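Going in written order, the chains are labelled A, B, C and D, and every chain counts its residues from 1.
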Amino acid sequence: MSSSHILKKDHLIPLLRKLGKAYRLVAPMQNRHGDTLFAEVASVETMALDLDHQPQESLKPFLFPQQEVIAAYEADQAGYALHPRYAAPPPTLYFGVRSCDLAAILYMDVIFSQRTREPHYLGRRHNTVLVGLNCNAPFPNCFCDATKNGPFSELGADLQLTDLGDRFLVTAGRAQGETIVSRWPQFFSAAEEAEIKKQYQLYLEARGGFQRQVHVDLAIRRLAEGMVDEAVWQQLSLRCQDCAGCAYVCPTCTCFTIVDQPRSATSGERLRCWDACTFAGFTRMAGGHNPVEPKKAAIKHRFLHKLKYDVEKHGRPSCVGCGRCLDICFGGTDIARFVELASEE
Amino acid sequence: MREVLTTCVYCGCGCGVYLREEGGRVVGATASRNHPVSRGNLCVKGWHLHEFIHDPARLTTPLLRKNGTLTPVSWDEALDYTTAALGRLKADHGPDSLGVLASAKCTNEENYLLQKFTRAVLGTNNIDHCARL
Amino acid sequence: MAGLATTFGSGAMTNSINEIEQAQVILAVGTNTTEAHPQVARRMLDAVDRGAKLIVIDPRRTRLAECATLHLAIRPGSDIALLNGMMRIILDENLHDDLFIEMRTENFLALRDMLYRVDLAEVEVETGVPRDRIASAARLYARAQKAVICYCLGITQHICGTDNVQSIANLAMLTGHVEKEWTGVDPLRGQNNVQGACDMGALPSVYPSYQPVADPTFRRKFEQAWGVTLPEQPGLTLLDMTHSGGQGAIRGMYIMGENPMLSDPDATKVEATLRGLDFLAVSDLFLTETAQLAHVVFPAASFAEKTGTVTNSERRVQLIRQVIPPLGETWPDSDTIMALAARLGYPMPYESQAEVMEEIALLTPIYSGIFHDRLETGWGLQWPCWGREHPGTPFLHKYYFTRGKGHFVPAQPIPASELPDDDFPLLLNTGRVYHQYHTGTMSRQCPTLTREADRALLQLNPADAKGLAIRQGEMVRLTSRRGSIELAASLTEEVTAGSVYTTFHFHEAPINRLTTAAADPKAKCPEYKICAVRVEKVSP
Amino acid sequence: MPHTQSDPYLPQPARILRVIGENSQIKTFVLAFTDPAVNASFRYQPGQFLMVSVPHCGEAPISISSAQQATPGEIHLSVRRAGKLTSAMHLLAEGAIIALRGPYGRFFPMSDLCGKNLLFVGGGIGLAPLRAVIQSCLADRGRFGAITILYGSRTPSDIAFRADLACWEQEAGVQCLLTVDTPEPGWSGAVGVVPKLLDQVALDPAASKALVCGPPLMIKFTLAALSAKGFADQDIITTLERHMKCGVGLCRHCHLDNKLVCVDGPVFTKAELNTLHVMELA
């Protein structure tokens, strides 16, 4: 069972300072240009912690980087040898993780260990502590209520924070969270009944605070029933700008490609890079044949994967409602647009 | 991992892009959420902006044609050879025998310096770039 | 950009990119925006979603055309006829803006007289666009409160490029669609710093900020600043330098980061010219087709390895920031230039790029308030920026044109320099694809981009293909009077019968061996968009 | 690091022992892992594939064209020159080293084939995975009924696996029929697409299984023809070719509706394919 504590806001920085000594600290920070990104905290003193804006990307770049070396190779007359390379990040505490991004990490945990244990993701995921932050006020494009993983996180966090104004209600979700509370007990006090009630009140308010109605359930049902008209895919494929941005900012998109990059005539590196199922080259075979009709069927697959196949396989869609693809989509072919088109009778 | 805001090098839109650096290598690119042009998105070229930086085909040393073949040489040798050749042509055929192409892919500072170099050092107005192409 | 400079006094986007999405009507002429300027296309599509009307004038059925309210598929090269036709209709239906014309422009009568001689039936024949569609476009554009025109190389890369641009300016001024936010004329620039390279005076006839070299006042200003005597005569343009075929005055060249072997028209001639030079130095990231001909090649640092500023299409000056040290022994081009200058007895001891920018601000009025420290935070500054406190200028020509009054320059249709005939029956148009960029020097080194577009394709209408017995994906030989290349055929309705289209990104199919160096006499912009070719099947 | 023991991406070096030129486009590479222990413990089944690394070229999936029992200590990969990796592979000679990982994928259900008459229908390089099954059956001949092999090529000079076909024909109860799309002078055999050969064979569909592999269009028409002959959907087995990067169910390049060909295939029965949107059946 989880236990509840109170952390006064005055004690947040002192706590982070302690945590920063025990872990590599990664937190959402606003940079001098005004963008908020998860970044490594170099100094607790000067960090511009930003808990008011949605980090423009999830933790995916940290746990499953856009490009990483998975092996180095040497190839010459004498032979051909590949040596695996593993990043070994120090124990890392990710602070201020929203419920959508937490849900996405749980999804990636499954994807990267279910069929095959994927050493690079699991290596980066190993020794991580996740400190969640519940969203009292959903951001403009969010719809995690519709994907049923927010606005307050239900799973995944070691510690979960709720902003009660001058203090945080802290819930220890997993063992690592309890460890933190018991290691630095000076910062925590027991939560009172009123504070827990207040959290529930905030949760209800947050649920009412969504600015977008995205009927994910309805789209899932219509896909399951095969009721989505082919014209929908046609329309989406006409508008899609083929940038791959939706897959890259999506916290649950895990498609990748593997390429060799030579460094010299006799050596090189094998890279694993993000890829997107919407690209024609994603499925095109060496001879030029493409089993997936470019654009139309590729886009269809993207949405079916998230809202049909993963529902069948995992019991829930692999969209976590973070709204980032709505923020970035060039052509207006994001998941909310799809849900809207699919929901039309 | 570090993210540095820069400006995309492809088309004239001028998107704000973060380059991700890890261990001295540029390993990723992502859009700036609040940049007035990119507003969080990039085209396919922008999302893959990092891919050519460490390409093995990058030139890494100066080359000088020796016996018909481009051969790696030191910077001093390449610069000396160049200034001697430019100086000789200018002396023999006048400054207008020299021409310079600047680049729509280089920075303002570089273009400024190059036109200054062309006009003030080489002594010709024969400078242009592919604005019309 | 000579056309806009004559008419408005300044050759740049009059709006900011973000203003486009607020327009009620967008007229996109000669721009394959979704492929070449994705961010601008995003604004156009967003505007369409909000109910704006999008009119696309393009011979090809591009994706933008698919999304348009109205697509006018004109015959290539008939832009002036079409625009004159639209203006005639506007005049006939009394949709022009009298007050604007009266207060803000000059030479209207010349335009009016010319328009009264336009025969709309002839326009229909010349453009291949039905009269009622021309009229719909004219009415939509003229009646809108907020209307922008976006144009690109489909307008400028013609023998009549300057006249094309002037016609666009005429249309905008006739309807008063210039002076406001969300309303204007926006030439989209193709490269990240083509605007800046022009601003910096990397042009044969002007110093930075378009100050003419031939004008003694400006010459004296720069002579004083630089402490040297400067040449009086304007220099040679790029085409003059690269197309002499080895017979010209140029004996030695220094080329910084350009690849004329692929990018310039009639490339066979470019090759002859470059091979004929006594000396060629090239500075680039990669051993380009041009660098392969050089005597000296300087390895350049990439944008990730240096600091500096670039100016985008909407005149926004922004920093590129160094992320990693220069790779290997590469140098930023500025270091190379300074080293050359020092060895030639003219040291340029700048400590930083910020110091170079300070000198630019001193000598370049439109950049006079632009300094690196101001660019460090925020999102850059849009020129003109007149001083340290000046916030920059999101849209131009408010209340007055740069040149004072907007000047109408009537333009008559001019036939293309080379039209199809019996020997070369098809019309070749060239351009870009979304996944590649320019001569592919950078983009073809990106595995993902190259996977998505790894070779040149010749777009061919199925009707033409049938006559030539060419099937999807087959190799064809494309020949013009200047050269011949082989590439794969892609059958598509995007191009109309009688036209073919391809790109110049791929050195394996150097299309500019075929294009003509015939150029607009004023802007010296070559006619990439029209030349006559023939297509044959390559026997396996 | 806790995971180094089982890196799913790490291939093992293998030496090319022999190269057999099958036709102008196809070569069969006979390989063995350089590490004798790895070679001795390597096990695979007909229909499975390997991820093949060629220096500087990355990886590509190639189906194994031999059967373990028929070629002990050796792995055969029959490769058609198609892209960058396979072109580079074609330049390699005996003694060269590449790297392999696998085997991957669902294999042909050999136990289901026992006691059945087997009809193999291959086109071009598509005979490669079938060759593994045929070798396996011939190594244990008594367990299977009559074997009929139908093989189509574009032209007579494109006929690959000639030595194998000649060998198989000598075996008791094996019939080989060849056809070409376009004849050349001197060709006296059948002309036409492979499904047309079906008319020449008499098989009781109820006592038979059909195994099909070839180009997409050939699969499409063959599957239709087999159904017309009365083969039940679960008795028609084919194997699909897809773009793959990981081979282990992660990268998703080989997606086929809710399946991944690398782990859920590449071998599928027609009954299974009927529920999917497959290019080969469209």
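Assume a residue touches a chain if its C-beta (ideal position, glycine included) is under 8 Å from a C-beta of that chain, and two chains touch if they have at least 3 such contacts.
Predicted model, so just to flag it, every value in this text is computed and none were measured.
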Contact-richer chain pair [A-B vs A-C]: A-B
CA centroid of chain A to CA centroid of chain B, Å: 37
Geometric centre distance via CA averages, chain C-chain A, whole Å: 40
Interchain centroid distance [CA atoms averaged], chain B/chain D, Å: 50
Rounded Å distance, chain B centre to chain C centre (Cα mean): 19
Residues of chain D touching at least two other chains: none
Sites on chain B at which at least two other chains make contact: 2, 5, 16, 34-35, 41, 43-44, 50, 54-55
Where chain C touches two or more other chains at once, by residue number: 38, 42, 379, 434-435, 447-448, 452
Chain contact topology (line, ring, star, complete or other): other
Partner chain A, residues of chain D touching it in the complex: 1-4, 6-11, 13, 34, 53, 55-60, 82-86, 97-99, 216, 241-243, 245-246, 248-258, 263, 277-280
Contact set on chain A toward chain D in their complex: 70-71, 73, 75, 79-82, 84, 86, 88, 111-112, 115-119, 122-123, 126, 254-260, 262, 268, 270, 272, 275, 277, 282-287, 289, 291-292, 297, 301, 304-305, 308-309, 312-313
Chain B residues touching chain A - in the complex, by the definition given at the top: 1-3, 5, 16, 18, 20, 22, 27-35, 39-44, 46-47, 50, 54-56
Residues on chain C engaged by chain A in the complex (per definition of touch): 34, 38, 41-42, 45-46, 49, 63, 66-67, 376-379, 434-435, 447-448, 451-452, 473
Chain C partner contacts - residues on chain B that touch it in the complex: 2, 4-16, 19, 21, 24-26, 34-38, 41, 43-45, 48, 50-55, 57-65, 70, 75, 78-83, 85-87, 89, 93, 95-117, 119-133
